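All remarks here apply to the structure that follows.
We call the chains A, B, C and D, going by the order they appear; numbering starts again at 1 in every chain.
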Amino acid sequence: MTYSKDEFLITAIARLLETDDVRHVAVGAASPVPGAAALLVRKLKGGTPRVSLIHGKATNPFTDGGREIFDAAGQGRIDVFFLGGVQIDGEANLNLVGTGEYPKVDKRFPGSFGSAYMYFTVPKVILFRPEHSRRVFVPKVDFISAPGVSDPDVHRPGGPKFMVTELCIMAFDTECRRFRLQSVTPGRTVEEVLDNTGFEIDVPENVPETPVPEEDRLALLRSSVGVEIGDTYPAFARDVLGVAA
Amino acid sequence: MITYLDHIDDLASEVPDGALLALPPEYSFVPMALVRAIIRRGVKDLHVLTVPINGLAADMLIGAGCVRKIECAAVSLGEAGLAPRFSAAVEAGTVEVLDSTCPAVHTALQATEKGVPFMPLGGLIGSDILNNRDDWKVVDDPLEQGNGRIVLIPAIQPDVAIIHSPLADRDGNVWIGRRRELATIAHASKTLLVTAERIQDESLLESEATAAGTLPGFYVSAVAPAVHGAKPLGLVEVYPPDTDEIISYAREARTEEGFHAYLQRNVFTAREAAE
Amino acid sequence: MITYLDHIDDLASEVPDGALLALPPEYSFVPMALVRAIIRRGVKDLHVLTVPINGLAADMLIGAGCVRKIECAAVSLGEAGLAPRFSAAVEAGTVEVLDSTCPAVHTALQATEKGVPFMPLGGLIGSDILNNRDDWKVVDDPLEQGNGRIVLIPAIQPDVAIIHSPLADRDGNVWIGRRRELATIAHASKTLLVTAERIQDESLLESEATAAGTLPGFYVSAVAPAVHGAKPLGLVEVYPPDTDEIISYAREARTEEGFHAYLQRNVFTAREAAE
Amino acid sequence: MTYSKDEFLITAIARLLETDDVRHVAVGAASPVPGAAALLVRKLKGGTPRVSLIHGKATNPFTDGGREIFDAAGQGRIDVFFLGGVQIDGEANLNLVGTGEYPKVDKRFPGSFGSAYMYFTVPKVILFRPEHSRRVFVPKVDFISAPGVSDPDVHRPGGPKFMVTELCIMAFDTECRRFRLQSVTPGRTVEEVLDNTGFEIDVPENVPETPVPEEDRLALLRSSVGVEIGDTYPAFARDVLGVAA
């Protein structure tokens, strides 16, 4: 079965959500790919994990205002969250603010949103940044919206576990403060990953390919799961998954 | 007691130059008609606080020259892309930006709501947000229980907050539904200006069902009607966002000329639906 | 996921000996049928936290010997007078009492809700409540802005909280209306046990009108039906309190013998309405 | 017109609520007399002050849970609140906990409720304690639920302003930490007040009588205001004001 790049990324993320420690996945604004991945896993596992799309309708369970998702994370009730960045460096520091010298940056982006808190509180943060380039993956971010690691005297139950890009999946080792290449997208190479990454990463001797989307999962995405994500992202459901609202 | 005004332009006159103005987030009852009235009035030197993020309203106020300083966790047009006037003003250094993060904005307002000078918040340490905030303070575990360092966020009290609601009543009670950040904003602000799609005679506190989603009138300073008062943004269960309009704003506002043409057409020339 | 149980006695078995048990206030959805089931089960050594006050439920649990320690801003039967078993136990020294004050209880739960180890609260200084609380800490204005000394209240995380509601749904969502202390209790507690007058199939989150007063299911551990589950206390808009019954409890429970006769008749022999 | 003791106390309290600084009066649980006084003034002044009876129905405006009244007081949105006490001493310290040595007291009462906070935050706290005896008005309370005065380094915008008993009205002087007799109930004497007060108070040369209830106010109490208080206190409205629910 053929598949699109987004469908590939959805199934790649979904495989990271299938462990038993994942009971509640929260997905922030403008994140249809992670949202679809979470809904796919919920469908596959018959209702677990819970999936909360903060800007969803039927999938938005929050009724205590904007602070509730942060409170819930602080309570340990959210197991997975997704973050990205304008720049990401080898210690998993995220920059969502801008490039150049702060505060009068060369190019200003929206801002840090809740990253400086969710990165500390959610045990399994998955970094999702499709564009894999030296523009994004820099030696050192120009502004740390949220740091990848913390000193031992800072309470930090959460942090980065994986990064998913168009080229590969990396795991993050908090102890060593380094990413390790875990698998490479079919048709791409380890060299390509290294060429496009502006920081050092660990590369094991054998790097497997990221599996292609399973046919049964593609079928779910293009039917019931597509309908569910269409509740929040109708254009995405229509254009990417071929499911009309 | 609460003032009922006939027109949003009268509400806009309650926003003085230099005010610390709190704006609700994009998905939460943003009073766009009132924002346009504020721009028409030519308010200056606002210190805008987005709670915790905002998009169109903040971008237009900045573009129109009403804003001296903005404290925000993010300003973004969402799926329509970057907020063009915000980005341009920050890059040009014509607006001062105080970067924050969503829960820190909520925390600062919760502190005011609670009448305390600060509230603690986890996370943040090691972030350049914190490193650029002289007003935030890192302290060693004050209970000495091995909890580690923690950040204290000082209380913020907005001078004026503005919200739009589907429904208010004649006692100043305002339906906010599950958008409870609006309650926190209201509790924390000195003045609360409300626009409403509809103002009914029957009290929203009459039944427990409606009371559950109601902000009581004693937090409300003034109310004015504004049919379609959130457009082109959406108002849940009342009207969806006008996505085409927002995308066309995002495109036009990329240049200063385009933005001013947009303003001329949509703010200065157009008549609001309520009129 | 949420467990649906057929009978409140099964819910009661989720309250272990020694648990820190949070009880909602008298006017706010107190699960009296479940309290009776807990007494029938003979739970021991509870540490009860009243949020922030309580009456009948706490008094009965103390009289029945289920409670080792109680933290409270007040225990009172309201217009029916003093809580007789509470007063007797404190006077006899058979229950340890940790006196608090209403906003301090709310603050301790808000701290847990927010995931921080403490939260500041005004007032309190000079009170013997504070002087008897080794866990509370007075600090000098940590922001050094001339705000004076302030009290830090440590977070409290109940092991179990119990509430009764007029209505739940099959996703574990629970109607709490404007009794929003129940949301704070739920957010702060490890386990939340819910009894409901009625459990419906349609989701309470389907419409914004009902969502506004709904506690989402992901805070809920288990639900069981309990028709008249708050009686003899009232449930707003569903049934009024049975004032005669509460007054007769207040009279009978003045003596230990009278209390045990009441228990025998109303807790051990009587069948709950839901059965 | 004849009047009852409760009607006398209601009009006595009402006169303390008529100043312009009183915009919002909050009334706690089981307080029908202060509640009726506040509703009477609201009626007389055509809607000002706001009156919030926390356990009322139509008169309960709070929708943010039990903490809202305390938050509102902390925000400076409540101008008047009423407190009482099992014991009250000459420095206006309140004891709502019990008599004898704490914690294993001789006689235990419900507890401090919100007094330890409201006393600090509400500018005009009126102490209401009809029983005027040396049992209540003691030289020093056995337990301070809420202190009458505070050191200058404690933020305290609020505190006691008046005390209303069956015998008299006293004003509290925070500077001197003393009560001053303001007026005496008709038919009672200054000597009676002093005999039944266990602490020293200031007595001016001329102590006027507390005015008897005004006829128009009695009429309001027994009609429209009685109906309003009956929404929250039906037995009180019926038995004291003769207004059926």
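In this section, a contact is a pair of C-beta atoms (placed from the backbone, for glycine too) under 8 Å apart; a residue touches a chain by one contact, two chains touch by 3 or more.
These figures come from a predicted structure and were not determined experimentally.
**Q** Counting only Cα atoms for the centres, state how far chain B is from chain D in Å.
**A** It comes to 40 Å between the two C-alpha centres.
**Q** How big is the gap, in whole Å, between where the Cα atoms of chain B centre and where those of chain C centre?
**A** Distance between chain centres, rounded to whole Å: 36 Å.
**Q** What whole-number Å value describes the gap between the mean CA coordinates of chain C and chain D?
**A** Comparing mean C-alpha positions, chain D is 29 Å from chain C.
**Q** For chain C, write out the residues touching at least two other chains, lowest number first.
**A** In chain C, residues 107, 114-116, 121-122, 147, 150, 178, 183, 211-212, 214 touch at least two other chains, as defined above.
**Q** Out of chain D, which residues touch more than one other chain, so two or more?
**A** Touching at least two other chains: 62-64, 74, 121.
**Q** Determine the shape of the graph in which chains are vertices and touching pairs are edges (line, ring, star, complete, other).
**A** Graph shape, chains as nodes and touching pairs as edges: none of the named types, so other.
**Q** Determine which chains touch and list them pairwise.
**A** Touching chain pairs, listed by label, come out as A-B, A-C, B-C, B-D, C-D.
**Q** Can you name the residues of chain D that touch chain C in the complex?
**A** Against chain C, the touching part of chain D is residues 29-30, 55, 62-68, 70, 74, 96-98, 102-121, 143-147, 150-151, 153-156, 235.
**Q** Where on chain C is chain B touching in the complex?
**A** Contact set of chain C toward chain B: 107, 114-122, 137, 139, 141-143, 145, 147, 150, 152, 154, 176-178, 207-214, 236-237.
**Q** Which stretch or stretches of chain B touch chain D in the complex?
**A** Where chain B meets chain D, its residues are 1, 112-116, 173, 183, 187-188, 203, 205-206, 211-212, 214-219.
**Q** Sort out for me which residues of chain C touch chain D in the complex.
**A** Listed in rising order, the residues of chain C that touch chain D are 25, 27-28, 51-53, 72-76, 78-79, 82-83, 86-87, 90-93, 96-97, 99-104, 106-107, 110, 121-132, 147-150, 178-184.
**Q** Which of the residues in chain A end up touching chain C in this complex?
**A** Per the stated touch rule, the residues are 24, 47-48, 50, 52, 58, 60-64, 71-77, 121.
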